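Following this line, the structures themselves.
Each of the next two complexes has subunit A plus one more chain, namely subunit B in the first and subunit C in the second.
Moving on to the complex of A and B:
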């Protein structure tokens, strides 16, 4: 044991090091992940193929990347339910631009700009106008999805062959979207875990008033996070467009729930102040393992949805239990 | 290192598994979505065909019929190493990439009940229930005969991307514009019920409110026609609005018997599944050849011709169901 001081009446005993490292929601996610891999291998002999699992991950890689940034937004005490609609609107804007003849690189920039604008709208209403971000982003999620439908109509906009197939590009045998996901996770994890800005995000989420009194400009950081989420969603939307080869207004419909699910399964506390990139990273893999394992075993969607629901409830109960037990 | 372990295990399993199932052919049918009774009938054809000839059959489908929902299921089937993928596609082009990977692995791809219009090079053959080019015209004639060839009509379709729906709707539009017999009929709206009973009901109610003079409705989807007939029956307006379309006799029997629906059309989904299974097995073991103009024999269905574009029709024209013959069918 590495107790630095003997406990007195005013001070709680220090938690042992192994306790701090192991008893946390991310461990639960890791345990579920390992259990998922074992369970899926038992269900079907076709599951345990690394290339297949990596290929299946590319189907939700874009949402997972956005979920990483969403985790940071949730830790700071806000929430954003519009990223999936943002992905769709940015992708539709990009596709429409290149369809009317705008050169591809410029069309990509316009798409990213659209995402930035959407993030800015969320930021303006949530932070400047001080409206609850959950209400604001439910509104903008409907707005962006509707705008996407106006832009693209009910049809799909096809993309040029040169642009299609980002998921087929391999880096040392790993599909490019997976590599991007890992790199983004590393970068964001380092920012959140080691930099001053990261520390400030946790502090804002824990107690915004106290953070304000400590001299932290909470508004500026939150605005920055919303803008970042906007741009990353746009980039993810364009990546999804490249994978699918065509863009429709209902791209990743319902994806916002999956992203929040990833954050929750990773142990992010919905009211802010707690959570890690590692948790969301593991949760993204957990979701892929569970749904791929069930799909390749030819289990019907009804069973898959039930299992995912149970998983979410177990994760939430366990997360809250762990946080309650480890409150200082 | 982990990669090598996994690969080694997979190779070991593949070697042991390959030996066991070398004779039987694995067929999977990917439906548009679950909860759609139409595909139960189709699947039954596959199942009973595979009982009589040597094939293993599985049915999978996504929860919703949106354009990209079948992709994870197709990837899983490729991973499982099936021999033949039969699919009712939810999109004409979203599946191209996946079909390409399947073909690269030597899997035969058959589109059943609908084709991937504009992208036919990605599939080996298509098995259609009937001559699709006639469906539009036959449906307009059906609704025309029920409303005296004059008045407003509307279409209640399934999903906006479904290639089969769009093909028929184009046919309906072309017929009503060009054929003078229907000059007094106007098509006022085309709405989409997404093959969901609730949405189809809502769309039908909306049509009735927006177009009070509506006289006829074509719902070329079994989910849509059942929902529309239900609305008309509960409102008791069967005398003012004629509902018709493509429906399953089992679902529409009650509506035909109580006079809500005068008549509707379809084909036999069971025969489609039966034919598809026989064709798939024949292709795989070499007894049938997939070339335009060729023919092959299927028990109970006779000689089938392979038409232009590797397209196969199970029967030549739509069957019309009405009060006289509705009891003759059990699907």
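Moving on to the complex of A and C:
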């Protein structure tokens, strides 16, 4: 290193194949998932019941679906903390519409439209106004939740019986929300992993300036992602309404933490450019295993809050560590 | 002329004008708004937010953010509440050092995670928001500390004091603001915080111990949140594991952003923050008088944050060259 010759840039040796396959955040998620299953089944013999786990998954399926889209937003280098509030406001809009006599399909469309509008506001503030999305979406989180509080007040809005019970519909013995989650994961995984748009999203998140020079219209893709997240959040909110049978303004209050947690736990890099749908998919299951495991082990719900917080911090430490090792 | 111009161009002048216009407008509709009594109401609404805002201002100036302050407030208040309930023989004033030290310890925990593992503060504090809240449930066994357990002397602090009968908690809040002013403008630490936030890359090159400054900032944020915790017990006379401090972070961030503290670090004044807090207090005091339901408050906070962000953006565009929108 001390010689004064012009330094020749040598290529770093390629990482061995096992290293590439094994040393990645998704592996950590998978290991945690397996450990969680083993741990929970030791804690309680009632745990290893596939139907029970599937039914438990319906409780968080809506948020898991949103987390899949959120993963793409984070990979593109932005973040959105408002989807949980979006779910609440869309669901309240939908419920109020059908309450005043709007036909159900139209009410659903209006709910989805509300979600799209919320996504558009996030996109406008973050992309057009060039403000940091993290602060913008803290603002819109409060705004959307507050608007839901205004339009719904303190009451819970009942839904017609015909609309209730999406979680009771079974497709080959699997609850419909779980099926939807798996399908959305497959579609988004294919989009992100195999299409040009997917590669562009990674490129934008890795280096926006370079992406710009490569002729990628970063803003257009990011706006598209915010809009998609808005609509999907609204759909998830309406699904949650169908599962719960009534809607209140505090629907999935604090859900933003769980969604961010799913993405982080799945190895999505908070500064963008890295992450996979598979990781978030596994993380969603991990969370269900952890929370049902704690429930069957009769642990206080408050402890679950603590565990969620610890998991988020551990996940991001591990992810940062793994990326620091594998990245030059 | 240039002196007048510089006053006119100050951010603080703009907020002051907004406060005056708002009060005149409300006073026009409801004359009783412009009385000493409502000034007292406004001032009583703000002490906790004022203290939290001073802490958050320093954190934002250092180019970090602390979302866990509401949970720190709740945890410290709960520790003090448990002490009052289970050890009534201890002098009530001991509660103050206990609350402040508890808060400082939790804040230091945030700081260590941020500095040791080099994690983004936004994710760390989102995790500890959940973690500290869960711990509050665990130590309290999910039960509330009731009015009868809080010492009367502490509760009286929210009603009066020997100085012109102004409640102690208002005096404490302004004392904290004054001390923050001195620290920010006239101490080495204060200038280092501004230097760090203005340019985190250049700061260590100028001999600033970035780790130390960051740790101090987070510990201060925790300590002040702890102080706000015991004052919460004084003001409301109870401590509830789920309500106490919930959403505090959003009110504080709203006040600070309105006060002109830049989320990109390095910019922010105590005077602006105080005015931001007072503006929020005026809005909160005027709503019930105008017959607007309390449930609109959150939506208004959210809208005010977004408007403040847009104003901040346009001011910056006209001012010095804008550097980066990254790193919250």
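General observations
Basically, the second predicted complex is superposed on the first by the 317 of 328 C-alpha atoms of A that agree within 3 Å, B and C clash if a C-alpha of one lies under 4 Å from a C-alpha of the other, contacts with A are read in each partner's own complex, and residues count from 1 in each chain.
Here, a contact is a pair of C-beta atoms (placed from the backbone, for glycine too) under 8 Å apart; a residue touches a chain by one contact, two chains touch by 3 or more.
Given the structure is predicted, the values throughout are model-derived calculations rather than measurements.
When both complexes are superposed on subunit A, subunit B and subunit C end up clashing with one another. Of the two partner chains, subunit B is the only one that A:56 touches; subunit C does not reach it.
Of the two partner chains placed by the overlay, only subunit C lies in contact with A:136; subunit B stays clear of it. With both complexes placed on chain A, subunit A has more residues touched by C than by the other of subunit B and subunit C. Using the contact criterion defined above for the overlaid structures, shared-chain residue A:300 touches subunit B and also reaches subunit C.
Of the two partner chains, both subunit B and subunit C are touched by A:154. When the two complexes are overlaid on their common chain A, residue A:309 makes contact with subunit C while staying clear of subunit B. Of the candidate stretches 117-125, 225-233 or 261-269 in subunit B, only 225-233 runs into subunit C once the two complexes are overlaid on chain A.
Where the contact sets of subunit A with subunit B and with subunit C meet, they give residues 154, 300, 302, 305.
Looking at the complex, you find that subunit C touches subunit A at residues 65, 113, 117-120, 122-124, 126-138, 142, 241, 250, 253-254, 257, 263-264, 293, 295-303, 305-306, 309-310, 313, 325-326, 328. In the complex of the two chains, the subunit A residues touching subunit B come out as 44-46, 48-50, 52, 55-56, 59, 154-156, 158, 164-165, 168, 243-246, 248, 250, 253, 291-292, 295-296, 298, 300-302, 305. Residues 125, 129-132, 134-136, 138-147, 149-150, 153-154, 254, 257, 260, 264, 270-271, 300, 302-310, 312-313, 316-317, 320 of subunit A touch subunit C in their complex. The touching residues of subunit B, when paired with subunit A in their complex, are 2-3, 6-7, 9-10, 13, 17, 34, 58, 60-63, 66-68, 71-73, 75-76, 79-81, 91, 93-94, 96-97, 160-161, 192.
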